[in-house]
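Submitted below is the structure of interest, expressed as structure tokens.
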Amino acid sequence: MAIIEMNNLWKEYGDQVVLERLDAEVQEGEFVTLVGASGCGKTTFLKMLLGTESPSRGELLLDGAPIPDQPDETRGIVFQRYSVLPHLSALENVMLADELHRHKLIGRAFGGKRKALKDAAMAMLESVGLAQAADKYPHQLSGGMQQRLAIAQALMKRPRILLLDEPFGALDPGIRRDMHHLVLDLWRQQGLTIFMVTHDLAEGFYLGTRLWVFDKTRLDPQAPGAYGARITYDLPVGDCDKGTLTAIQAQADATARTMA
Amino acid sequence: MTRLLTTVCTTALLALTLTSPAQARDSFKVCWSIYVGWLPWDYGAAEGIVDKWADKYDIDIDVVQINDYVESINQYTAGQFDGCTMTNMDALTIPAAGGVDSTALIVGDFSNGNDGIVLKDADTLEAINGRRVNLVELSVSHYLLARALDSVGLSERDITVVNTADADLVSAFNTPDVTALATWNPLLGTIKESPEANLVFDSSRIPGEIIDLMVVNTETLKANPALGKALTGAWYEIMGHLDDSGFRQHLANIAATDLDGLQTQLDATRLFDQAEDAVAFTNSPALKETMQKVAEFSFDHGLLGEGAPDAGFVGVETPAGVYGNSGNVKLRFDPTYMTMAAEGEL
Amino acid sequence: MKKLINRHPGPVATWALGLLPFALLLVVYLLASDARLEANPNDKLLPSFSAMGDAIQRMAFEPSKRSGEYLLWADTLASLTRLAIGVGISALMGLIFGIVTGTLPYARAGLSPLITGLSLVPPMAILPILFILFGLGELAKVMLIIIGITPFLIRDLQQRAREIPAEQVIKMQTLGANTWQIILRLVWPQIMPRLISAVRLSLGSAWLFLIAAEAIAATEGLGYRIFLVRRYLSMDVILPYVLWITLLAFAIDFLLARYSRWRYPWFHGSH
């Protein structure tokens, strides 16, 4: 069975239609990248997966049941910024998920239990290359290290679905490439299903197993909000030529100009 | 705090622009604050009596009301005013102890029941033993309390004095933890209306000890006898209106009371409306004894300054002789001008 | 020649320029004081420094003739105790209500209008009511401080709690946290250094309310002493007391700032 299923999914705010008539299925283990012009509903769609926004019409199913309407541990998230907690050291950030699980009332572990949690967290930090920075606070880490930490923190909960909202948008190109390797490694090792929003079409092509382009098929220049975006391309990545890439880019640019 | 700051600032400025008080001048400022014995000054100013007498001696006198009693004395001491209304005790402890040589130009009245001590749940003064007593510390209420305690063989060690702003005494009396206080009219009158209140001591038991004065700067007075003559002349002309209904209504209005309320306060005040009486009071040897008691109380409470070796450190000159250090006389009871008024020489 | 706007003083000049106004004030005071004392050696308005030194010696290092206490220390202890209790209770209430209203929309809807309304009441205006409700004892003084600064603390901390990025609240939920755990492990620790900042800001008002309360009814305290000796114009006591209060206020502020830097390095590193 598909892990995520959409049936005639709409999202509207008043008379502004953001997304309309989305129909798709995603199988466990897929890596879906979401691209498109700004304002075409990529982030709104991610928020519906996260549970902070609800569908206006239609169905969004997780394992065949309506997706929970608030965030929970089935779906991990990494934002572009503010993902890690600034008042905790790197190690404490990674330990947090287990601590919350162990002690519902105080959300902290002590003694021998703490030692076990610490070892697990250290192993995770090591796998994202942050073992040296375990005792540092986030503000002492570079942007790339903070995002590694955010991924490590999210993965400690072993979510089945990982949502990435432009996680590398603020990083330098060299760092981005390192992060790509890291994400691909973790995805393969842990059998995750990943949804990643990106502005960078090339990144979308490189990383995903499947690329979704969000775009408006009907566009009224007088009322950009009258029609919603749809998934205009649903490509298995690797199965496309340079012409497709150029065509998608041109179409996205045209939409962006009209909406600006 | 603001008031304190203002005092500091104005005095700092003042220090730089100080004019010598000894110079002969033709323009003067005196201040007064709300109290039954001083209310007539407002009538005199409003009805032009003060101006009339000032014109007679070719000077100007500005009569200013100051809302805060202690502030008015501080302003006088700082040199902002040439004269000010105050009690004998405050004249000794504020301007005189501060080195400002002051003369009691007019002895207006003494408190004859205007100051009192009130207890809850008891009607004898002895019951005050062990209580917390709310009052304006170091004021005449404090002096009255000391004299009252003395009269029943108690001392201040037997009670606890709680310094309480006069504005809050009435509401304080309505709270359960306040069971004893000492204050003056019109607050005393309001507090006595409460069914819980028992007046156990008042100033009629120590007549002539709490005296209300018009005090002027001695050097200014020496250089400008016209100021003394004009103020004294005006005062006794004002006193001549004591029984006028217009006069009484005026006083009642500024005291925020009615004619009955004013009468109650006047009844508790021995007002010297005849200059002869004031002169006789000033000339009597009892005044010197009173000032000795006041000076001793003040010394015991550190009011004469820490440099004072004994109660007589600041000398007080009365017609019956000088009390204390005759080399450091800073407060003078001088009946000269009142005598001139009594003899019709003004 | 560089334009004035582009010229910066060196480190020595910066210090010298900073000290200059103080030195000038001191000189002006000395001149004025000397002038007055020459005219009247007993003048109380602008006492000489030696007179103030004597007053400090007397208040701080000699037992009082009447009570046998060392007045300056007894006053300081009394005032600081009131200040600590008042500010401590206010901080605790600010923390609890700030977090609850900042975090829980239902609590905010129910309490915010009340808190906003209360914060608009001028505390000095309800002083007479306070004295009737709480008497003239310690309770009323502490209550004046609490009423004076708690609404500000609550509103400030509510705002600070709402400023915690939504991303972090969502992140906590994806890590399995319930509401209580979000408060305990995310909101509370992040609010603590902000509480210290808010308390530092409110200390000026707290001192104001403390001194006002002590001026009205007290048997000891720094404000009590100032308003008592004002009665006989003892500037030689008042001026050192004002300086001492200033010094205490500065020291408390400095210690809080230091504590916050030591205890919450993450807060000061990222701001």
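In this document, chain identifiers A, B and C correspond to the written order of the chains, with residue numbering beginning at 1 in each.
Throughout what follows, a residue touches a chain if its C-beta (ideal position, glycine included) is under 8 Å from a C-beta of that chain, and two chains touch if they have at least 3 such contacts.
In this text the structure is predicted, and so the values were computed from the model without any measurement.
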Both-way neighbours, i.e. chains that touch chain C and touch chain B: none
Chain with minimal offset from the mean of all protein Cα atoms: C
Farthest chain (mean CA position) relative to chain C: A
Chain B and chain C, separation of their C-alpha mean positions in angstrom: 38
Centre distance in Å when chain A and chain C are each reduced to the mean of their C-alpha atoms: 47
Chain centre separation (chain A, chain B; CA means) in Å: 83
Set of chain A residues in contact with two or more other chains: none
Chain B: positions in contact with at least two other chains: none
Residue ranges of chain C in contact with chain B within the complex: 28-29, 32-33, 35-36, 39-46, 54-55, 58, 65-66, 127-128, 131-132, 134-137, 208, 211-212, 215-219, 224, 226-228, 230-235, 238-239, 242
Chain A residues within the chain C interface of the complex: 50, 52, 70-73, 75-77, 79, 81-87, 96-97, 99-101, 104-108, 137-140, 153-154, 156-157, 159
Residue ranges of chain B in contact with chain C within the complex: 1, 4, 8, 11-12, 14-16, 18, 20, 70, 74, 77-78, 93-94, 97-100, 134, 136-139, 156, 160-165, 168, 171-172, 174-178, 300-303, 305-306, 330
In the complex with chain A, residue positions of chain C that touch it: 165, 167-168, 170-178, 180-181, 184-186, 189-190, 264-267, 269-270
